[in-house]
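Two complexes come next, and they have one chain in common, subunit A, joined by subunit B in the first and subunit C in the second.
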Partner chain A sequence: MRSISKKVILAGSFCVGKTSLISRFVYSRFPFNYQTTLGVRIDKKAVELENTSINMIIWDIGGEQSQARVPESYYLGSSGVIYVFDLSRPSSFYNMAADIEFIRQKLPKAPIVIVGNKMDLLDERTLEEVKSILPLEPDFYTSAKAGANVENVFLKLAQAMINVSK
Partner chain B sequence: MLANDYKIKFLSQKAQIVLFNEKGRLLETCNTLIDVQSYKDRSLYDVFAFLESIQSSLIELGKEGGELYFPRVEVLYNQKEWVFDFIFKRQVEDLSTIVWIIQDLTSQYKYLYHVQKERNESIIQQELLEHKQKSVLLQKEIEYLNKFYQLKINYFSKFSHDIKIPVREINGITYFLKKHINTEEGKEYLASLETTTTNLHKMIVNLLELANLSQNKLFFDKKEFLLKELVNNIVNSFKYSTTKQQVPIHIHIDPDVPIYLHGDDVRLSQILYNLLSNALKFTTVGMVKLNVITEKQEENNWILRFEVIDTGKGIPKKSLSSIFTPYHKLNGNNVQETSGTGLGLTIVKELVESQGGIVKVSSEVDKGSTFSFTLPFACA
Partner chain C sequence: MNEKSLFEQLQTILLQEERKSRLEINKKVQDIKEEVTDLKDEVEVIKEDVSGLKEDYQNDEKFGSKVEPIFNNKIKDLKVNFQQYFGHEVKETIKAEIKYSRDEFIETLYPIIGQIVRRYVKYQFDGFLQNVSDKMEKAFSPGWYWKRMKAFFAGVSSEELLVKESMNIRIEEAFVIHLESGLLIGCYSSNNTTDVDLIAGMLTAIKAFVQDAFREKEYGELETIEYGKYRILINHFHKYYIASVLTGVFDSHFKQNLDKHLMHFSGKHVPDSIKDVDDRLFESVSKRLKVSIQEFESEYNI
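The block that comes next holds the complex of A and B.
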């Protein structure tokens, strides 16, 4: 089995649940207290796909209202991006299209997985209404609290990064 | 001690310098903050995930000066949360050596952490307040519109009721006229008159239905019926209706769906008829499919999901959110596309939601649409 390492960044507005998604994926737990990420925290987890062990070095970047305010150096050498927004807070997805465009310019080859988090806070009808006003269709609707779809987000990105490196 | 000595002593406690080569092999460290010395026999890239993830950027680090700066790196080390600034640059005397400057700014950033947390929480509070203010305004607007809407519905209800009788009389006269008109031209005019009055009658029935729904005058029956028979009757009715059926309707009922259901069969027929009629209207090639699936079952209570899938022209994403509003019709050049009252889907939504169900629509232009709804039933 071959082994590769890839840097992954989690981007998006503040308080959308980036740290919680990582905590759920890496440590299988959900932090109930809100913790602001000041700059960046780094975690690591290996997943196995297609006879490849992929070490995901996950950069949890402090949320900013616009991606343009994130220090440039944080993007360096990133192979994949998870863009997270809060389904229950419209201000966290109003800038989504511009943010994604900004990231694509910085990292033209990196696959981007778009995630609508905090699904557990919405009932089915409200979720349908929110879906109809999203500027871009997300790849996954997740709940870091309930663990819904979290694993799939990282696996999809891992698969996309393997495809790029083929 | 001289001031300069104090300065050196103070700074030496707040910073660490690590020298390593491009392969990550440790050359020298003062070990002030992090114990790097222990890893002298290993590549630092294998030890520190942070370094591993920026390895390629470090190798590309300019040999003509320049540096990489990573502010506010949060690290859990020796069971304590640290916040470091990392700076990487080439050693001037030996360009193959990378200098890693670690600055401990934990106490400064600790203060910033609280400021940032309070700022984030205050922005969210502000957003919540704005939402509350908006929802109060919207509530007032809704109340006003509801009054206006009720007035309109009352008027339509009375008007539709009054007009229904003469329209029915025109229908009857048209029927008798058929026996007296023998010319081809006359028959054509009569056929047009018949179609027009039939559509007018449908429109009036729909308006009355909507008026009843808006005034909560509807009652839902609970009786036993055969689902398969109901579905077949509806599908067969299209063979004799004025809606020209150009594509086949395929029916699929999941084997686990009960044969007998307890519920309002008339309302279910009405919902399915409206959705299928709509699907047939917009589908000229392919097919229309009706699926009945069990969504949930608890003891004798079943929630069934009905899906009407077509391969028609589809609905643009921007129109999806308003498709269930009264009088909404898609713009199109085809005459068929603009016929109808524009109330069918509104009635469907009202009928489903009044019974505790949910209606959904998904669509892709030029590929087709799927309308689905859930309804609760009892089953003996």
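The block that comes next holds the complex of A and C.
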């Protein structure tokens, strides 16, 4: 089986659950104590798809109000992006369209998976209301706390990165 | 003169003194009354002041605003004259503490002072080594002939050969890292470091941070990172960089030789264009890197 390494970055506003998503995906656990990410932290996990092992080197970038404030060099060489926002905090998705556009300009070839996290904090009716005001439709609604859809986010991105590599 | 008039005259004569003293007494009584009234007024004023003070005392904000300037002045005074007021006592206390708690004191200070001393010694030693090298370049004596010959065949200078054994230089690890993504293209490790992928990523993040932080001030690249006994030398190439983790003391000649060696390795064994960082590339580069470093160590008699 061929093994290939890819750099993946998690972007999005602060306190949207980027680190928790990684923790759930890589270590299968949810960190109950919130600690803000300073600068960047790196984790890795390999997933197997189409007879290829994708060694995902995941850069968890400290949250900023706008992606334009993230050091430019953190984006360099990224093969995929997971953009995370908090479904329960509208200020975390007001800038989503501009942020995604900014990332697309930086990384024109990299697939972007959009994730609405903290689904567990909303009841069904509120979730529907939030969906109706989102500037862009996310690819997944997740809960890092409950583990809902977390694996799928990374698998979808891995698949998209393989498709780009072909 | 009739009888009545005489009586009145007599009365005037007899009571004249009495009348005078009565008038004086009346005046004194009047003065005392006035004084009492004044005192009453003053008491009222004092009562009001006391009541105001009581109110201020019970109100934290008001009390604070009254007391704060006094404390601030005192603190200012202490700051300026602390040494004069307490210098002697502090000196004596520290002396006593050092005398009676020597072990604890050393334990607390060692991590800080130890590092400073170690860095200083290392710095001085680097300087010394450089100095020896410079002098030896010019020196000639028959006694060094054999050493020079040996060094010549080993590809190093005789002074390097002489001090090398005691320097204990060691290339602990080397990483070939993709410049932009921070992905690991190849690595050599003499002690099987746990997660080389994460090290490569974090080194790249540190480089990126430094570059971003100083972009507007100066153009350049991060070339060295020092941590404890480790020194990480970074050699930049077009699409990747090589980070070599070294221990021991070495001079600029050693570094130049290592630079040359890595340049040679880079031109020969790492592809110019890297599309994907996969296991085949990793194994190929790692294998060649290991051979290359072993060759260098052997050439340099490490």
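The criterion applied here is as follows: the second predicted complex is superposed on the first by the 166 of 166 C-alpha atoms of A that agree within 3 Å, B and C clash if a C-alpha of one lies under 4 Å from a C-alpha of the other, contacts with A are read in each partner's own complex, and residues count from 1 in each chain.
Basically, a contact is a pair of C-beta atoms (placed from the backbone, for glycine too) under 8 Å apart; a residue touches a chain by one contact, two chains touch by 3 or more.
Model, not experiment: these values are computed from the prediction.
Student: Overlay done on subunit A, so just call it for subunit B and subunit C: clash or fit.
Tutor: These partners clash in the superposed model.
Student: In the overlay, answer first, second, both or neither for which of subunit B and subunit C A:62 touches.
Tutor: first
Student: Quick one: classify A:4 as touching subunit B (first), subunit C (second), both or neither.
Tutor: Only subunit C; A:4 stays clear of subunit B.
Student: Tell me which of subunit B and subunit C touches more residues of subunit A.
Tutor: Counted on subunit A, the partner with more touching residues turns out to be B.
Student: After superposition on the shared chain, which partner residues are touched by A:165: those of subunit B (first), subunit C (second), both, or neither?
Tutor: So A:165 only meets subunit C here.
Student: For A:73 in the superposed arrangement: first (subunit B), second (subunit C), both or neither?
Tutor: both
Student: Check whether A:15 is in contact with subunit B, with subunit C, with both or with neither, and answer first, second, both or neither.
Tutor: First partner only, subunit B.
Student: Just subunit B (first), just subunit C (second), both, or neither: which does A:30 touch?
Tutor: A:30 sits against neither subunit B nor subunit C.
Student: Go through the superposed model and pick first if A:38 touches only subunit B, second if only subunit C, both, or neither.
Tutor: The first partner, subunit B, only.
Student: Hey, which part of subunit C ends up inside subunit B in the overlay, 1-9, 145-153 or 217-225?
Tutor: Stretch 217-225 of subunit C has C-alpha atoms clashing with subunit B.
Student: Overlap of the subunit B and subunit C footprints on subunit A, residue-wise?
Tutor: Correct list for subunit A: 5, 7, 39-40, 42-44, 55, 57, 59, 71, 73-74, 76-77.
Student: In the complex of these two chains, what residues of subunit A are touching subunit B?
Tutor: My answer: residues 5, 7, 14-15, 34, 36-44, 55, 57, 59, 62-63, 71, 73-74, 76-77, 89, 91, 124-125, 128-129, 132-133.
Student: If you look only at subunit A, which of its residues touch subunit C in the complex?
Tutor: Touch residues, subunit A against subunit C: 2-7, 39-40, 42-44, 55, 57, 59, 71-74, 76-79, 165.
Student: Contact residues on subunit C for subunit A in the complex?
Tutor: Within the complex, subunit C touches subunit A at residues 178-184, 195, 197-198, 201-202, 205, 207-209, 211-212, 276-280, 282.
Student: Under the stated contact criterion, what part of subunit B meets subunit A in this complex?
Tutor: Residue positions touching the partner: 49-50, 52-57, 68-75, 83, 109, 112-113, 116-117, 120-121, 123-124, 127, 320-321, 358, 360.
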